[in-house]
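Beneath this line is the structure, given in C-alpha cells, with notes to follow.
Think of it as A, B, C, D, E, F, G, H, I and J in the order they're written, each chain with its own count starting at 1.
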Amino acid sequence: MLFKVEMTVKIPHDMPEEIAADIKAREKAYAQKLQAQGQWLHLWRVAGSYANVSIFDVQSNEELQEIISQLPLFPYMEISVAPLCRHPSSIHEDDR
Amino acid sequence: MLFKVEMTVKIPHDMPEEIAADIKAREKAYAQKLQAQGQWLHLWRVAGSYANVSIFDVQSNEELQEIISQLPLFPYMEISVAPLCRHPSSIHEDDR
Amino acid sequence: MLFKVEMTVKIPHDMPEEIAADIKAREKAYAQKLQAQGQWLHLWRVAGSYANVSIFDVQSNEELQEIISQLPLFPYMEISVAPLCRHPSSIHEDDR
Amino acid sequence: MLFKVEMTVKIPHDMPEEIAADIKAREKAYAQKLQAQGQWLHLWRVAGSYANVSIFDVQSNEELQEIISQLPLFPYMEISVAPLCRHPSSIHEDDR
Amino acid sequence: MLFKVEMTVKIPHDMPEEIAADIKAREKAYAQKLQAQGQWLHLWRVAGSYANVSIFDVQSNEELQEIISQLPLFPYMEISVAPLCRHPSSIHEDDR
Amino acid sequence: MLFKVEMTVKIPHDMPEEIAADIKAREKAYAQKLQAQGQWLHLWRVAGSYANVSIFDVQSNEELQEIISQLPLFPYMEISVAPLCRHPSSIHEDDR
Amino acid sequence: MLFKVEMTVKIPHDMPEEIAADIKAREKAYAQKLQAQGQWLHLWRVAGSYANVSIFDVQSNEELQEIISQLPLFPYMEISVAPLCRHPSSIHEDDR
Amino acid sequence: MLFKVEMTVKIPHDMPEEIAADIKAREKAYAQKLQAQGQWLHLWRVAGSYANVSIFDVQSNEELQEIISQLPLFPYMEISVAPLCRHPSSIHEDDR
Amino acid sequence: MLFKVEMTVKIPHDMPEEIAADIKAREKAYAQKLQAQGQWLHLWRVAGSYANVSIFDVQSNEELQEIISQLPLFPYMEISVAPLCRHPSSIHEDDR
Amino acid sequence: MLFKVEMTVKIPHDMPEEIAADIKAREKAYAQKLQAQGQWLHLWRVAGSYANVSIFDVQSNEELQEIISQLPLFPYMEISVAPLCRHPSSIHEDDR
C-alpha cells in the first residue's frame, strides 16, 4: 500500500552544528535501511529546497506512523501524507 | 529529469456526459501513450479524490509544458509542478 | 484500517430539484448499506453546515477510493482524507 | 453532545527532555482518565504526524472548555473544534 | 449554551429577483421568530459587507443544526460556527 | 458603536510564570473595569481554546484603539476587528 | 472617522455588456457624488488590477454600511474593511 | 507616484525594552522627516492593532525601496506594497 | 522602472471557441506590439500551466495600469504585480 | 533552461551582527560569481521588502538544486521555484 509523503526540514537556527550533523547522519542511515528493506520506495529532493517527496510502501497506516515517527528529523519537519492507490490509466505494474 | 505533477480534475457540472466521456477516453489513451514512451514515469490515484500524483521524466521544462498542455483534461484541471532531483540519501538508481 | 474523511456538499444552484433529490436518496441508501457492512464506521453531521465527519474502516487505500468515488454526491463534494491509527494513549479497543 | 477535536502537538525545541517527558506522562494519564469516564469517546493518531483526532462527549461547551484547557499539553498544541450532531443517514445509535 | 455564527450571503447572480426577494423575506421572518423565541440572541450586520455576526442560545449542537439548516438562505451562505462559554473575566450575567 | 473583536493569546513559552501571572491579573482587572464602564459589552471564551470573542461599544475607532492597545496582553495576542452595525432583521434594541 | 476599504470587481462573464455598462455608469456617478459630499475621501486604482483602495470618512459604522451596500457594483465586488485612526507619528492634520 | 504600504510590527518578545524604545524613537523621527519632505503622504493606525496603512509618494520603485529598507523597524515588520494610480472615477486632484 | 507581473488565464468553459480564439489572437498581437516597443521586457510560460511570468518596463504605475487593463484577456486572468528595483548584488546592467 | 526563483530573507533576530555581515558578504560574492558565469541570469530586489526575484539558467533540476542549496543565506530564506519555458507569444530570443 503506497503513500506519498512530503517532508520539509526546519532545523532550529540555534541547534549546535555537531548535534545537527549527528541527527542528519542517523536520518540518512535510517532512510537507507528503510529503502533497502523496501518500505521507502522512492526518495527525491525537491530542487531549490530542503525538502523531499517520498513514496512509502507499507502494510497499514500503523506501519507508516511507526516508520515516520522514528525519523531522527521527525521533530524538525513539516510532513504531509496522501494515501495512494492504483490509477485506472496506469500501465505500470508497480504503480499500485 | 524528473518532475512531480499533481492534477485535480474539476469537470464543469453542466458538461454533457458524452463530451466528458470522450475527453476522458482521449485523456486515458494519451496518458498510456506517454507512459509507454517513458515520459510519464508514475501515475497514482490519490485515494478518496478525483486527483492524481504523477512523476514525469523529460528532457526540459519545455517538454514538460508540451506534454501537460496537450492533456485533453488540461482546461479542467488544477495542476501543480515541482522539479525533482536526486536525493543524497537515495539508494535507488531510478530516483534521479 | 481507519480513515477520517470530511465531506462538504456543494450542489450546483441550477441543478433541478428532482435530480438533487434522487442523488440524495441514492447517497443515503449507499451510506446506510456501507454502514451496515461495517465499512462506514461513524457518520456525524457538523452542526451548522452541510458537511459530515466520517470514519471509514477498510482493508486498503484502494478500497477507500472505490467506496468514496462511488458516492452519488462524489462530483459535488469537497473531500479531505486523513489516515488514522491507534493512539498510544487510547484505552478503547475499537480506536485502531 | 459530541465534538470533534483535532490537536497538533508543537513542543518547543528547547524544552528540557525530562520536563517534556513529565508533561507527556501527565497528558497520558489525564487522557486515559477522561476516556475511562466516558468524556473522551475516541482518540486516534493521525498517521505520519504528532497529532490526534478525538471525539468528546460532554454536556455543554463549558465542560468541553474545562476538559481541554486542563490538558497538560494545552499550551503546546494547535487545537480545532467542530460541534457534531446526528446525521440523518446514520444507522449507528452512538453517532449522536 | 451559546454559539457564535458568522454568515456571508452569496446569492447566485442569475437568480431571478422575485425568487431572491421571496427567500430574503422568508429569511427575515424566520430570523425574527427565532429572536422572539430567544434562540437567536444577537444579530449584527458586519459593516461594508453582506454578512452577519450572530449569537445563538440553544440546548444542544443538534438544535443549532436544526435552526441553521432551515434558514431559507442556508444554501446560499458561507457559515462558520464557534462554540462559546463563560469567560473567567466576564462580569456580565448573560455572557454564559 | 459596536465592534466584534477576537483575541487569541500566545504567551511565549519562556516567559517566567510569575510575570505571566502578573500580566493575566492586570488583564483581568482591566477587562472588568471596561465591562463595568460599559465599553466591553460582551466577553466570551471560545470553547477549547485560549481565545475570546468580544463586543466593544465605543464612540470611535480611536477609542477602540486606545482600549485595545492598552490591554496588558496586547503584545501577546493575535487580534482581529470587525465593525458592526444594526442588522435590518434584528428585533433586539441593543443590537446596534 | 476613517475606514480603509478595498474593493475588487468581479463582474460575471455572462452579464450582457449594456447592463454592465449601466451599472458602471451608476457606480461612477454615485462614487463622484460621495466624493463631492466628503464621505469618500480618497479613491485609487490598484495598478494592474480591476480593484481600488479607498478611504471613507463617516460618522459611524452604520453610515459606512449604508454607503457601501448601495454601491451599484456591491453584489459584484469582494470588499474588505479596516477601521483607521490617528497614528501617533503622523504630522498630517487630515490623517485622523 | 503613489504606493499603498501596510506594515505590521512584530517586535521579538526578548528584545530589551530600552533597545525597543530607541528603535521606536528613531522610527518616529524618520517617519516624521519623510512626512515633512512629502514622501510619506498619509500614515494611519489600523484600530485594534500594532499596524499602519500608509501612502507613499515617490519618483520610482527604487526610491520606495530606499525609504522602506531604512526604516529602523524594517527588520521587525511584515510589509505589503501595492502600486496605485489615478482612478477614473476620482474627483480629487491628489488621488494620483 | 520594472515590474514583475504574473498572469494566470481562466477562460470560462462556456465561451464559444471562435470568441476565445479571437481574444487569444488579439492578446498575442498586443503582447508582441508591447514587446517590440520595449514595454514588455520578458515573457515566459510557466511550465505545466496556462500562466506566464512577465517583466514590464514602464515610466509609472499609471502606464502599467493602462497596459495591463487593455489586455484582451484581462477580464479572464488572475494577475499579481510586484514592483522591482536594482538589487545591490546584481552585476547585470539591465537588472534595474 | 530557465527557472524563476523568489527568495525572502528571514535572518534570526538573535544572530550576532558580525556573523550576519559575513554571511551576507559571502552571499554577495557567490551571487556575483554565478551571474558572471551566466547561471544567475537576472536578479532584482522586490521594492519594499528583503526579497528578490531571480531567473536562473541551468542545465538541469540538479544543477539548480546544487546552486541554491549552497547559497550562504539558504538556511535563512523562504524560497519558491517555478520552471519556465518559451512563451508562444514571446519575440525575445533570450526568453527561452
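Convention: a contact is a pair of C-beta atoms (placed from the backbone, for glycine too) under 8 Å apart; a residue touches a chain by one contact, two chains touch by 3 or more.
This one's a predicted model, so the numbers in the text were calculated from it and none came from an experiment.
Chemist: Counting shared numbers against all numbers at the contact of chain C and chain E, is it over half, same, or under half, different?
Modeler: different
Chemist: Quick one: report the Å distance separating chain B from chain E, using the average Cα coordinate of each chain.
Modeler: Result: the chain centres lie 44 Å from each other.
Chemist: Using mean CA coordinates as chain centres, what's the chain G-chain H distance in Å?
Modeler: 22
Chemist: Determine the centre-to-centre distance between chain D and chain F, using the mean Cα coordinates as centres, and give it in whole Å.
Modeler: 27
Chemist: Among all residues of chain D, which ones touch two or more of the remaining chains?
Modeler: In chain D, the residues touching two or more other chains are 2-3, 14, 45, 47-48, 61-62, 64-65, 81-86.
Chemist: Drawing the touching chains as a network, do you get a line, a ring, a star, a complete graph or other?
Modeler: other
Chemist: Mind listing each pair of touching chains for me?
Modeler: Pairwise, the chains that meet the contact rule are A-B, A-C, A-D, A-J, B-C, B-I, B-J, C-D, C-E, D-E, D-F, E-F, E-G, F-G, F-H, G-H, G-I, H-I, H-J, I-J.
Chemist: Could you list, by residue number, the parts of chain I that touch chain G in their complex?
Modeler: Interface residues on the chain I side: 3, 5, 12, 14-15, 61-62, 64-65, 68-69, 74-76, 79, 81.
Chemist: Of all residues in chain J, which touch chain I in the complex?
Modeler: Chain J reaches chain I through residues 2, 4, 27-28, 31-32, 35-36, 41-48, 52-53, 55, 82-92, 95.
Chemist: Can you name the residues of chain J that touch chain H in the complex?
Modeler: By the definition above, chain J touches chain H via 11, 13-14, 45, 47-50.
Chemist: Write out the stretch or stretches of chain E touching chain D in their complex.
Modeler: 1-3, 60-62, 64-65, 81-86, 96
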